[in-house]
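Note that subunit A is present in both complexes that follow, paired respectively with subunit B and with subunit C.
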Partner chain A sequence: MNRVARAISPVTRLFTQGWRLSALVISLAVLTPVMVIFWSLFSPDLAVWQHLKEHLLWELTANTFWLVLGTASGTLVLGVALAWLTAVCEFPGRKIFSWALLLPLAVPAYVTAFVMVGIFDFTGPLQSGMRSSGIEWALPEIRSLAGVTLVMVLAFYPYVYLIARNAFATQGKRALEAAQSLGYSPRAGFFKVALPMARPWIIGGVMLVIMETLADFGTVSVFNYDTFTTGIYKAWFDMFSLQAASQLASILVIFVFIIVLLEQQARARMRYTTVGKTAGKQERIPLKGWNSVAAVGFASTVMLLAFIIPMTQLLIWASDVVMDDLDSRYFDFLWHSLLLATMAALLVVTAAVILAVANRYYSDLTTRIMVRVATLGYALPGPVLAVGAFIPIAWFDNQLRDGLHAVFGYDGGLMLQGTIVTLLIALCIRFMAVGFSAVDGNLQRITHSIDESAHSLGSSGLTLLRRVHLPILRGGLFTAMTLVFVDVMKEMPITLMTRPFGWDTLAVRVFEMTAEGEWERAALPSVAIVLAGLIPIILMNRHAQH
Partner chain B sequence: MPNTDYLLELNSITQRYGETTVVNEMSLALQQGDIGCLLGPSGCGKTTALRCIAGFETVQNGTITLAGKTIASRQLHLAAEKRHIGMVFQDYALFPHMSAAENIAFGLQGQSKQQRQRRVSEMLALIGLEQSAELYPHELSGGQQQRIALARALAPRPRLLLMDEPFSNLDITLRERLCLDVRDILKQEQATAIIVTHDQQEAFMIADVIGVMNEGCIQQWDSAYNLYHRPNSRFVANFVGEGVFLHGDVVDGERVRTELGIIDGEFDAPCCADCGVDVLLRPDDVLHDDDSPLQAIVKAKAFRGAQILYTLSLPTGSEILSLVPSHHNHPIGEPIGIRLDTDHLVAFRV
Partner chain C sequence: MQCKQWVILAAALMTTWVSHSALASDEVVVYSARNEQLIKPLFDAYTKESGVEVKFITGKAGSLLQRLKAEGDNTPADLLITVDAGNLWQAANMGLLQPVSSAKLSEAIPAHLRDPDNQWYGLSVRARTIVYNTNKLNDSDLSTYEDLADPKWKGKLCLRTAKKVYNQSLVAMMIAEHGESQTEAIVKGWVANLATKPFSSDTKMMEAVAAGQCEVGIGNTYYFGRLEDKDPTIPLKLFWPNQQSSGVHVNISGGGVTKYASNVNGATALLEWLASDKAQNLFSDSNHEYPANAQIKPSAQVTAWGSFKGNQVNVAKAGELQVDAVKLMDRARYK
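Up next, the complex of A and B:
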C-alpha cells in the first residue's frame, strides 16, 4: 500500500510516525474549539436560549441572510462579467485591468467600509461639497443594507473574478468557437456553453464570498449592521455572556459548514470538467466601437469605486493626521501587529510542513482526515474561533492554577489568560489552510520518481532533504509565510476579542477609531495594513506572468 | 465566375496578424465529397487558413467561396455560425457538462425531439459508441472523445467539415487505426472535409488530395503519389518522404550526368543542355547490387524490420540513402555495390 513505509528502516519508520503523531496533535488542537462550539449547541442553557430567541435571533438571521444574498448575487454578476471581459475579449487597457481588478483584495473590507461611510457622512467630503455648491439633494442613507452590501460586493468580487477568469481563460473562447461551428451565435454560445462550463468555478468563487461574508466582522461593525459575528461580540463583551456568544457561534457554524460542503462539491466537479488538453494561447474577441467603450467604462468604474476612490480618501485622511498620530503609540500598534503576524506565520508554516509531510508519507484515510480537520479553520468566522478557543484555554488555565495551588501552594494569577497564547492559537487555527495549501502544493511537485532518481544518484536522507526537497520547497514556504503574515495583519475579530487587555494592534486601532467615527485617525493604521495587503497581490502577479 | 464544380474555393486569401503575414495569397479548390489535407511544418499557417475557412478569422484579401457563394472577402465576413461548416478542434472542445449524446445533439437545434434522437443514435452507431451515450467526456478515453467530437461536428450535416490536427492528442498506435476509421466515417457520410496535420503518414492515409504548405501558401496541391514522386519544389521534395539531392549537369531531356554516372529517366528539363541541376534521389531509387561497379561506403544504418535504410558515402563525400532488404546486412565502413533505378527524374536548377 505505502511504498515509502515498506522500504524504510525501523528508525526512519519511528521518525515518520513522529510526523503523523504531530499531525494528530495539530488536528486535535483545531478540533477542540469546534467541539466546544458544538457542545453548546447540544447542551443549550435554556434561559439564555430563550433570551436570544426573543430578542436577537430573528433579526440576526434575517440581516445575515439578506446580506449574504445581496453580496453573493452582486459579486456573481460583477465577477463573471469582468472575468469574461478580461479573459476572452480584447479592449484598450485590458492587460492593466486584468491585474488591477485584483487590487481590491489588498484592502480589507472594513477599510473600504469606513472610507465609504466617511465619504458619505454628513461632515464627509461629498455632502460638504454639495452643500457648499448649493445642491440640496438628500443622499441615500449609506448605513443601510444597500450600503453594506455595496461595500461587500466591491471588496469581495475579486474572489469570483479570479477563479472565473481562470476558467474562462482556459476554455472560454474555444467553447464559443465550438458552439459557433454548430450554428450558435456568440451570445447564445456564452449562455449555452461558456457559462455552464464555468459553473463549478463560479459556484466555488461565490461560496468563498459567502464564507467571507459570514465571517466578516469589521465591515458590518462600521455600518452598525448586526449579523451573527457582531452578535457574538456583543453577547460576550456587552452582555458578558460567553454562553450566549457560543450559542450564537454554534448557529453560525452550521451555516458555514453548509457553505463549505457546497464549495467542496463545486471543487470536486472542477477536477473533472477540464477535459483534454486546454488550448495554450488563445485569440481574443476584439471589442469594437461602443462595446469597447462600454467595457473600458465598466472596468474603470469598478476600479474607481473599489480601489482608487477609497485609497485616495484614505491617503488624504492619513496625511491630515500623520503629524499628530505618528507617535510612539502608533509604533506600538505596528510592533504588535508585526510581532503577532511573524509569530503566527512561523507557527503556521511549521505546522503546515508537519501536516504536508505526514500527508506525503501516509496517504491513508486517517492521515487524510487529520489533514482535513487541521485545515478546517479557514471556514470558521473569527468571532466563533475566538469563543471556541477562549473557553477551553480558560478552563485549562484555571485547572492549572488550582492544580499548582494544591500541589505547590502556588498563589500567582492565571498563567495563559492575559498573554497572547490564546490569540496565537486561534490565529493559527484560522490560517492553517492558507499555509498548508502553499506548502502542500509545492511538496506535491516532489514526486516519488524525483526521490527515486535522487536515490539512484546517491542522495538520500538529510542530503536528499538539503539538496532536493528544501530547494524545491523554499518558494512554497516563503509564499506560505507571506500569506499568513498578511492575513494576520488584516485580521480583526480574533485579535480584538482574545488579545491581552491594552495590547492593541493596527487592526484593533482601526476598530476603535471607526467605532467612534474618527475616520481620519483610522486611516493611518489602515495604510500600513493595505501596504502589507499589496504584497500577496504582487506575488500573485509575478507568479501569473511566469 | 466561380467554378461550380468545386464545393470550396480559396482565391489567393491573405491573413495578417499585425505585421506578420500568416496566410499569404493562398488558393485551393476542393470537390464535393473529397477529403483534402493541409500538410506542413508548424507555423506554416495551416491552422490559420483553416480558421479563416471556419470563420474564426477574417481575411484581409482574396475570397473564400462555398458552394458558389462568397463567404469571406475583404469586404464580407459571414459569421462562423451561419456558414454551416463543422469543426473538430485539436483539443476536441467537448462540452464537459454534457453527456456524449447531449454533445452530439447540441448542433441539432431547431429539429424535433424525435429527429434529434434519431440522428444522435445514427451518429453513435456510425462511430461505434452506442454504449457510451450517457457517459460524460471525462469518462471517455482519448480516442472515444475524438470520435464524439467528430460525431458532434457531423451530426448537423455540415456542408464542409474541418479538422484541426485531429489525431495529435492520441498515441501512435491508436492514431493509425482511428485515421482509417475517420476516413470510413467521412466517406459513409459523404462529407467533404479538410484536415490539417503536420504528419505526412496521416495525410497519406486519410486524404484524397493534399496541399503542402509553407510560409502561408500552398506549394503543391496534389495527390499523395504525385507529391512523393513529382514534387514541384525543393521544399515539397524535402518535406515529403526521404531523399537527398545529388548535383549533376543536364545532358539532354532524358539524361543527367552525376558522380554516379549518367542517370536517365524522363523529366522536365530546366534547360536544353549543360546546366547545373540537383537531382532528387529517394532511398528506393538506389538499389543494392553486389555485382555493380559503383561502390559506396556504409556510413550509418537504420534497421527497419524488412528493410535497412543505409546512409552511403560517395567518394566525393556526398551522401545518398538506400533502402535495402534487411538480409543484406553490411557493417559500417564497408563498401557496397549500388545501382540506380529511376524512370522519372526530379531535378531542380541550381
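Up next, the complex of A and C:
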C-alpha cells in the first residue's frame, strides 16, 4: 500500500484525500446516532441500572453469549460446508442447490421462528398428531436455547454461504491444485489450504451474523428467550427508561467494536490477495456413492427447514386471508418497499465503495478505525438506532424551521421528517456493514500488482477505479446491493419510527398484524416480502454464473 | 442503473417532498399505537361524517413517545392513541399531553378510565381474566387471580411472558391493592405453578390451555373471542375472578391531545366523537373489546360471555406502578 502511495502523482494524492474525507463524512454520519446513545453514559439512570445489574445483567449476558456462540458456529459450519459442496464439488442437483440455498435470505428470521414454534410446540400439528395417535414421545422443547439457535442458524447461514461460495469459486480449485502438488489429500487440502485462504471472507460473513444476532428482537421474543437486546427493550418500553436502554446499548456497541477491531488486526497481519486472473472453467471434485447421497440429503434438509417448510406454512396462512386482506393498497406497500430497498441499496453501496477504497489507499490507524466505525450501526437494535438517528435529525429540523421562521417569516413545518430522507439516512446507517463487507471482501482480492501495472499504463484515481476496479468489483457490488435490498425489505423498527405519513411498507403491514398477535394474518405481507426479496437474489445468481 | 431509472427515482423523491408541504389546515394528525386495521375504519367513518381528514401513523408506543419528544413544539401530531394506560400515563408524565376539559368526554367515560387531570381518556376496555379448559375444570374450581398462586395449581398454570404490558398492569394493580411484599409472594406462587415456560402471546397460551398442556391461564378476553371465532367448540371458557373483592383487572385503549397540537379543537372533537355512542361500538367491536362508555352494550358475542364487576381503581395507577411491577416480576423470576 505504501508502495502505491509513493508511486502516485500529486493530483492523485489530492484525489485520495477526497476519498478519505468522504469516508470521514460517512463514518461521522454513523457515529452521530452512536454518540447520542453514548451520551446516556453521562446521565445514567442509576435506579433502573441498579435493578438490571442486580437481577438481569448476568443472565442476559450469559444467554446472549451462548446464543451468539451457537449461531456463529452453526452458520459457520453450515455456510462453509454448503459453499464448498456447491462451489467445488459435483453432485446431483448441485446447480439448483447452488442458488436455491440463498433463498432463505429473503425469509425474515422472526417469520421462520413463528412458523417453527407453531409447528413443533406442544399445541402444534406435530405433537397434537402424535398425541391423538397415541405416540408418547417427548420431543425436545422447541422454546429453548437450542430451538432459537436452530432458527437463527437457518435464517442467517446464507450470509456465510454467499460470501464463502464466492471465495471458493474464485480460488478454491487453485488452492486445491496447490495442495495436491504438495501431496495433500482433498480433505487435507480443504482444511490446510482452501479454508485458511478463504478465512477473511468467511469471518466477514460470520461477523454479519454475530451483529444480526446481537441486534435481533423479533426472533428471540417469539421464543421468549431473554438476551441483551430484550433487556434494552425492557428498560425502554417497560421501565420507561431510554437512558438505561442506551446504557445497555452502549455496552453492546463497545463490545462489537472490540470484536471488529480484533478481527481486523488479525486480518491485517496477513495479505490475502490472489493472482489477478480468475480461473477459467474449473474442474469439480465429483462425489460418488454415499458421499453424493449425503451431500444431496444435507442440502435438501437445510432447504426444507430454512425455506420450504416456513414458506409452505406461510402460503397456507396467506391463502386463508388473501380474499379479505388483499386490496389495491398492497400495490402501494409493495412499491414503497421496493423503492426504499432500491434507494437504500444504491446509497449504501456507493458509500461502501468509498469506504473500501479509502481503506485500500490508506492503511493508517485513523482510516482503519474510521472505516470500522462506519459499520457499527448493524449491531444496534433497530429501535435504538432509530431513536439515535431521529433525535439529531429532529433537532436539526427544529433549528431549521425556527431559523427560517425568524429570518424569512417562512413556516414550512418540519422539512426533513415529512420526507423519506430521515428514513433513508437511518437505513443506510443500519446496513452499512452489510454493503461494506461484501464490497471490501471483493476489493481485497484485487492485487496491488494490478494497481501498479495500471499506474504504469497511466491510469490512476477515478480512471483506475472506473476502468480497473469497478469491472472486477461488479459481482461484489451486486452481492452488496442484494443483501442490503433484502435486509431493508425485512426491516421493521426503523421504518416504523421514521417513515413519513402514508409511507407504509410491507414490513409495516407485518407489524400491524403482529401488534395484536394476529400472526396468521401477517402471512400475506410476509409472503410478499419473501417474493419481492427473491427477485434480486435470483438476478444476483444469474449474474454470478455469467 | 440507467439514466431513466435515476430520473424516476428522483421524481419519486420529489413527489414525497412536495406532497408533504401540502398540509390541509383543518385535518387532524394522529400518532397511534393501536394498529391500522383497528383504527382506520373509525377515521374513515369520522371523515365521512364530519368532512375532516385524519392523517395518522402507527408504531410502537415507546417509539411514538420518543418521536413526539424529539419533535417538541414542532410536532405535526395532534392526538396520541395507545393500547394501554401505562403509556398514556408515561406520555402525560413526560409532558407530552395537555389537559382537555370536555363535558362530552367526562360524561361518556367513567372516572376510573380517564386521567384525573384530563390529559387522556379511555376509549375501550380490555379485560384480563382467567381462562380454563372445560374438560378439566368447572367454574367452582376457580375464585381469584391470587388463588392461582396456591400450590394446588402446581404444574397446571400457563402464563404469557411478563414482558407484555398487560401482565405488568395486572401486577401493578395488585401492588396497589396488596402492597409489594404480598404481591411478590403471589407472583412467586404463579411462577412455581407454571406448567411450561411463559408464552410469547395470549393466543399461544390459550391454545396450550385448550390442548391440555395446562388447565388454567390469565389472558385478555378478545384473544379468546378470536379463538372462538375460529373454532366455536374449543374447550375453553372465561371465568370472572375477584368478584367478591377488587373485580376483574381492566386496562384501556385510549388517547390524549398532544401538548403542542396545532389543531387542539380538531383533536378534541375527534376524541369526543370516538367516545360518542356512534363510535363506541365501532371502536370496541372490531377487536371484541368492551366500550369504555358504560351506556353502550358490547357486541352480542362479547355480551354472551356474561357480565362482570371490573376493578374500579383508576387505571392511571397501572402506569404509575408499572416500573415497580416490572422490577417485582424480575425478582420473582417471572420471565
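Operating definition for what follows: the second predicted complex is superposed on the first by the 301 of 546 C-alpha atoms of A that agree within 3 Å, B and C clash if a C-alpha of one lies under 4 Å from a C-alpha of the other, contacts with A are read in each partner's own complex, and residues count from 1 in each chain.
Throughout what follows, a residue touches a chain if its C-beta (ideal position, glycine included) is under 8 Å from a C-beta of that chain, and two chains touch if they have at least 3 such contacts.
Since the structure is predicted, the reported quantities are computational estimates derived from the model, not experimental observations.
Asker: State whether A:V296 touches subunit B only (first), subunit C only (second), both chains, or neither.
Answerer: neither
Asker: Should A:V322 be classified as contacting the first partner (subunit B), the second (subunit C), both, or neither?
Answerer: It touches nothing on subunit B or subunit C.
Asker: Quick check for you: in the superposed arrangement, does A:D238 touch first (subunit B), second (subunit C), both or neither?
Answerer: Only subunit C; A:D238 stays clear of subunit B.
Asker: Among the partners subunit B and subunit C, which is in contact with a greater number of residues of subunit A?
Answerer: Between subunit B and subunit C, C touches the greater number of residues in subunit A.
Asker: Which partner does A:R199 contact after superposing on A: first (subunit B), second (subunit C), both, neither?
Answerer: first
Asker: By the touch definition at the top of the document, which applies to A:I446: first (subunit B), second (subunit C), both, or neither?
Answerer: A:I446: touches no partner chain.
Asker: For A:L182 in the superposed arrangement: first (subunit B), second (subunit C), both or neither?
Answerer: A:L182 contacts subunit B only, not subunit C.
Asker: Quick one: which bits of subunit B touch subunit A in the complex? Just the residue numbers, please.
Answerer: Within the complex, subunit B contacts subunit A at residues 54-57, 79-82, 84-87, 89-97, 106-107, 109, 136-138, 142, 145, 152-153, 156, 158, 162, 169.
Asker: Could you list, by residue number, the parts of subunit A that touch subunit B in their complex?
Answerer: 171, 174-175, 177-186, 189, 193, 196-197, 199, 272-279, 283
Asker: Tell me, which parts of subunit A touch subunit C in their complex?
Answerer: Spelled out, the residues of subunit A in touch with subunit C are 48, 51, 55-56, 117, 121-123, 128, 141, 143, 221-224, 226, 230, 233-234, 236-240, 242, 339, 342-343, 346, 383, 386-387, 390-391, 394-395, 397-398, 401-402, 412-414, 417-420, 493, 496-497, 499-504, 508, 511-513, 515-519.
Asker: Please output the residues of subunit C touching subunit A within their complex, sorted ascending.
Answerer: Contact set of subunit C toward subunit A: 1, 9, 12-13, 16-17, 20-21, 23, 29, 33, 35-38, 55-64, 66-67, 70-72, 74-76, 83, 90, 93, 161, 163, 165, 168, 196-204, 207-208, 210-211, 213, 223, 226, 287, 322-323, 326-327, 330-331, 335.
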